[in-house]
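Below you'll find the structure I mean.
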Amino acid sequence: MGSGQEGGLMDQVRAYVQRVRSGEMGALPAIAGFVVLSILFTILSPYFFTERNFANLLTQAATLVMLGMALVFVLLLGEIDLSAGVTAGLTMVIFVVLIAVVNLNWILALAIAFLTGIAIGTFIGFFVAKVGIPSFVVTLGLFLGFQGLELIIIGAGGLYRVETPEILAIQNSNLPPWAGWVMLLVMLAVSASTSFLDRARRTRAGVPNRTIALVWAKLVTIAVLGGIVIAILNQNRGTGFKAIEGVPIVVPITLAILWLGTFVLDRTKFGRYIYAVGGNAEAARRSGVKVAMIRWCAFIVCSSLAVVAGLFSISKVGSVDAAAGRDIVLSGVAAAVVGGVSLFGGRGRLIHAAIGALVIAVITNGLGLLNLPAGVNYAVTGGVLILAATVDAVSRKRAGGSILRT
Amino acid sequence: GCSSSGGDGGSTDDASATRACVILPDAASSPRWENGDRPALEAAITDAGFEADIQNAQGDTSKYATIADQQLSKGCGVMLLVDYNGAAVAVTAKAQEQGIPVIAYDRPIEGADYYVSFDNEEVGALMGQSILDGLATAGKDPATATVVFMGGDPADGNAKMFRDGAGSVLDPAGVVPAQEPTGVWDGDKSATNFEQALTALGGKVDAVWAANDTNAAGVITILDKNGLTVPVSGQDASVAGLQNVLLGKQTATVYKPFQLEAEAASDLAIKLLNGETPTVDKKLDDGTPYIAVTPVLVGPDDVQKVIDDGNADAAEICTDDVAAACAEHGVG
Amino acid sequence: MDLPIIELKGVVKSFGPVDVLKGVNFTAYPGKITALVGDNGAGKSTLIKGLAGVQPYDGGEVLFNGEPVSLHTPRDAGHLGIEVVYQDLALCDNLDIVQNMFLGREELSAGTFDEGLMEREAAETLRQLSVRTVKSVRQKVSSLSGGQRQTVAIARSVLKKAKVVILDEPTAALGVAQTAQVLALVKRLAEQGVSVVIISHNLVDVFEVADFISVLYLGQMVASVKTSETTNEDVIGYITGAKTYEGERA
Amino acid sequence: MGSGQEGGLMDQVRAYVQRVRSGEMGALPAIAGFVVLSILFTILSPYFFTERNFANLLTQAATLVMLGMALVFVLLLGEIDLSAGVTAGLTMVIFVVLIAVVNLNWILALAIAFLTGIAIGTFIGFFVAKVGIPSFVVTLGLFLGFQGLELIIIGAGGLYRVETPEILAIQNSNLPPWAGWVMLLVMLAVSASTSFLDRARRTRAGVPNRTIALVWAKLVTIAVLGGIVIAILNQNRGTGFKAIEGVPIVVPITLAILWLGTFVLDRTKFGRYIYAVGGNAEAARRSGVKVAMIRWCAFIVCSSLAVVAGLFSISKVGSVDAAAGRDIVLSGVAAAVVGGVSLFGGRGRLIHAAIGALVIAVITNGLGLLNLPAGVNYAVTGGVLILAATVDAVSRKRAGGSILRT
Amino acid sequence: MDLPIIELKGVVKSFGPVDVLKGVNFTAYPGKITALVGDNGAGKSTLIKGLAGVQPYDGGEVLFNGEPVSLHTPRDAGHLGIEVVYQDLALCDNLDIVQNMFLGREELSAGTFDEGLMEREAAETLRQLSVRTVKSVRQKVSSLSGGQRQTVAIARSVLKKAKVVILDEPTAALGVAQTAQVLALVKRLAEQGVSVVIISHNLVDVFEVADFISVLYLGQMVASVKTSETTNEDVIGYITGAKTYEGERA
């Protein structure tokens, strides 16, 4: 009995191709959609394929990427959190009001915002996991309730400026060029060390390892792609007197959370149990998994990451109003789904949500360059979203000869 | 009144003579409805010895109709309605069917008995004027300047009036929108839309007509990021808006002291509750009697006036980085 | 005879209007194999789901090593060292074979999974059960054949040393060779002192391995006999209700 | 082997009680929630428990009831239609613009609106059932796209009054009092005839019938409850010079659609296959059910009923604008879920959505009488929604000793 | 001998990298019972899922009554009169027994369901299979025991007159009495001219009922013999690959 790790590079590549052809495509269709949209917009607008717009895209997508990643934790369970957007909004309202009105130190305010996020997740988790209310209803209730709280706290339609330079820097400042290269080195080091650690463990256990060529291939890919991205972002993309160059600060933060989250999902019991519960909750329960606790914790993680999404958002906008976060949650779910996360639980990864978010963000980004009338803009956005999803569905079907939808 | 349904109907009738029913549109488009109008109207009407039933439709037309039903079932002596996406039209007809006079407040309603409002087109025009002023100060020719228009939610009737008002000032001056992204009432989307418009303009912009302070705030953050300072308009005289004005990041904000509007409306309502038939000079095109209230453009030197009116708090405005500007402009 | 490791006294269970277990007594001894037989719908699976904590009994007493215990969740059963193979298998289709076998009992090293170790142990256990057609232990269980799934479920239950192993129709989907292996495995477990409870409709297998046979008929335990003291015909009679048992369990 | 139909009245009642106690509660918790909320609001406001407010509640709930029922058809399949609200909005925009601008006859315009609804359902169904895109994404795309179409058709800030008296009458006029009683008689006749037809068929097949006492009990219940409702609605609830009395016209329309839909779901192949596909699509497929076709048709039904919901809405509001239908869809889903419809498919009935919608409508209705500030109102609405769902969840759990959520 | 009603010629099927059927020939005759045996994972279920149109073959030819046919959906198989009991049963848990048995073939009168008729027929068919513990035919199948579910699936397949009935391990979960009934039923079907294909690991049963035995080994048909011309030991040899068959199917 094998483990799929045997064979040389060519065997592994062949196995991968066959996996893809039998329908296990992961984020490939979303990546294809992203590339197609990018080509389209490059043709339609001379401004699309510029260093400047590339940096724009990353910062514009950041909030959605983070929200999508937050939602993955509950989507994997087959649950949903409709309140993730307003959780981001409410905690940011609290954060900014604590600073502006109560004159609290920003770090303390941030801590309180995170604690609030955790409390919200605890609340949702309790009602979903312990009381047994469908998460759709609980979080819809909070979706309404938090809009009310935002209004009560900030006053109807009130608007507060974000004045903390550290927060504003997240989306509006960049790493110095050299730090971008350091970031790449760190990524390479982390990737290499986990790969080699894994191999060492497998060797110790006496089971075969994938050919080492794959590790090198992976590292080279990261180095080349990352190098290109960083080289582009290190160009001066400013148009005024001020030089704007370097990797936006939000990028390393997002990458770090993506890495950490993926680590948790892939290599810890909590992550494994999330997949198990999402796949077959009863089987997980019979295996001794504390199903309710896993559900509960997943909602806490989701709400906490929503706070991060909120930070990204206010850093971008520079202000907070009483409607903060109201409209974004469905896009967050769509990002995850477009990227390949199943709404029925058990299937999907953080990177899928991130790529899905990029697809959705590139629609807004590209259309924003075309100066279309509002109605057309909405209509095209919707149409392109369906188109992107069609690419996904058709490629999976073509490949897998899926039996599910006939 | 009616006669058929016993004691219940009787009490309803009694109350209806002394109650003013008010429906506010939403809580998100502007700070004023909940913070300003509600207390002002409530105070004026109760001080005059009447009862006020003030509700907010929360940006939902069907909720609007629901609230109206509830109020009419409790009974009203006068209805003061702020329209939301046309929901007030049917309510007006229903109220009038029961002999209740209707005041259209802040937004026109077809068939209303009176109309009390800041002139929304005037608001738009003032915002347009602030752009022209800003361009003049910067020494730019409006006819050749690159001006981006950041309007409000196109489904919202007011957004159109603001835009029309702006056009009435900016068009004659030769301003042509260089980019006009899809309008929103949302800072996050406004920031993204503006960033893309700016990108499509190759990073060059001379002024931004923004329909309110929320949209302006998103624009300003993007401008800051790019090291740009250009004239930006806004309205609502919100904390952030006033701060941006003081900091010179926003040229001016249109200040609509709702007290004026609320006062005019509550005066009218009280007269109606007292059974009087007030006369009004101005009339709308369709003949509705119209009490127009004039908005004010607030530049850095006028901020103190807003504070004096009690519509802003100096402590909230003059925070760390704004303190210097406050001192400079005599705010505090 | 030894102290029974499991003793059920008058356990009852109903689903709404249906009384499925009507006061059942049952015992299992360490190092012995007890077969639980009965007609379809007699209540065998319900009885062992109670023992597993999956569907707690409505009433009655459960003694473990002579001590009364409460079995309200599968975790309770797990802590007592009770391992169960369910008739409906209960695997997570979206996980692979190794992940399923180690679910809830993953091997860690330095706080993270030691995938190599788990992979090796899983492969070894499966090999013992003479599984030849599984290509890779990293296959998703959704892609397995019926018999392969059953083998995975059985392998899972013997991966960790348990005090009691309960198998609900473990060989139903298995081929001839695999069935022989499982029966051999069951005997090996008993030799190691584990108490094994096996449910089966195959009386040949039952008579081959079991030390005791308990027969459920319409939710009642109608007979509990030593295998050596009964015959195939008798047991079929008890199962179908054609015969009544007069003795008392030793 | 029995069929559960044997035994006298007492046996049947006992069996029912036991079914309820083992967790098969259907809409009972939602009804309980409705009663509790009603009592609460009666205590809090003297205006709540009046003939007038009762009629208000029915008309206010109508749109949500209809939308909830529309959604049941797709929820039963485990799908969702996020565009149902804007489908209602868009078709009404088309309807009103055709009358106001194109000067079309209103019946023709209505026909076109319905055809548009059917076309929308066909579009969604195609992408979901044939292409295989998750319905969440397709309908989210349409949710955005239709907002754009509304804007394009009606123009920014546009607003059209509904001037067709027949449409306005739906929500604003009432049946003459005698017609209310006729309606009740029709209901009794329909109920009695289906019951007796069923019994005749079973007798012919030689299988036992439930005791006939149950039929009488059912008819008496309808007669008494219906009689009370109609008697209340036939009171004059006007406060002005005009007498307002009778059953609002929207009520018989809704009841007719409820009856027809329930008939389809319970007694036709299409309905049965919806449940089958929702329960186990693969099993249904293996049984020869045309799974894709069923999915497709369900979306068409959903969109068509959404058009009816749109009609109810514009009749109530009296006008149509470019944002019509934007906010209601999540409430529609919540209505169904609160009423007992499963989001995972296979479980639920139309009446559940109707009762769930009444629960949600009574929250808005009752709070509307209390004169709360907007923020508090939002917050309370959210809180009460969660509370209502808690009643549901706890009662199911208490009763069934559910094993799923521990 | 008669014309075979089903003839498979060189059918192949792979799942991604795994070749499950490697050019399989198979025939079944009207009025005869053909047993399909093989080790776990040999490809038996895959073979019959192709015949059922559930997972179409990747290549090869299917002849039905001598005519080439295409089997791409379960409906295709249904139209040809092929009824299948799947190993994984494929019932809708949210429907009751009657609804499951008649799914896709409901009895109508005046355009709506004739529930009475369906209820009677369902009860009758189940009674033939000697089901005694099912309380009501209006129970949801989710509440049934493993054996009861299997009986419902079998009953479903014989409710309507079919030309070919394929049973994938139909007696795996059944008790002694029920197994006997199912074997009797199978014989009755064959007497009525129906072609029956039965998959089983129980060679005793196979030798009791089958006219022909076909043996799959690792995706290849290694033997197709008349039951009367072979022995238990031979068949076990073919199954385990210990023995190779030299003859040709008649």
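Each chain gets a letter, A, B, C, D and E, in the order it is written, and its residues are counted from 1.
Throughout what follows, a contact is a pair of C-beta atoms (placed from the backbone, for glycine too) under 8 Å apart; a residue touches a chain by one contact, two chains touch by 3 or more.
These are the chains along with the protein names UniProt gives them: A, D = Xylose transport system permease protein XylH; C, E = Sugar ABC transporter ATP-binding protein.
Note that this is a predicted model, so its numbers are computed, not measured.
Listed by label, the chains touching chain A and chain E alike are C, D.
Looking at chain A and chain B, the chains in contact with each of them are D. By number of C-beta pairs in contact, B-D leads when B-D and D-E are compared. Chain centres here are Cα means. That of chain A falls 44 Å from that of chain C. The distance from the centre of chain B to the centre of chain C, each centre being the mean of the chain's C-alpha atoms, comes to 72 Å.
The distance from the centre of chain C to the centre of chain E, with each centre set as the mean of the Cα atoms, comes to 28 Å. Multi-chain contact residues of chain E (touching two or more other chains) are listed as 15, 17, 54, 73, 131, 134-135.
Annotation for chain D: residues touching 2 or more other chains are 147, 150-151, 156, 282, 285, 373-375, 377-378, 403, 406.
Residue positions of chain B touching 2 or more other chains, listed in rising order: 27, 33-34, 154, 183. A list of each chain pair in contact follows: A-B, A-C, A-D, A-E, B-D, C-D, C-E, D-E.
Those residues of chain A whose C-beta lies close enough to touch chain D in the complex are 78, 82, 127, 129-134, 136-138, 140-152, 156, 281-282, 285, 291-292, 330-331, 333-334, 337-338, 343-344, 373-386, 389-390, 392-394, 396-397, 402-406.
Listing the residues of chain B that touch chain A in their complex gives 27-35, 154, 179-183, 185-193, 195-197, 199-200, 202-204, 213-214, 217-218, 220-221, 224-228, 236, 238-241, 243-244, 316, 319-321.
Taken in their complex, chain D has these residues touching chain E: 1-5, 198, 201-207, 263, 267-269, 272-273, 275-276, 278-280, 282-290, 346-347. Residues 52, 54, 73-75, 78, 84, 86, 90-95, 99, 103-106, 108-109, 111-117, 119-120, 123, 126-127, 131, 134-139 of chain E are the ones that touch chain D when the two sit in their complex. Chain D contributes residues 14-15, 18-19, 21-22, 403, 406 to its touches with chain C in the complex.
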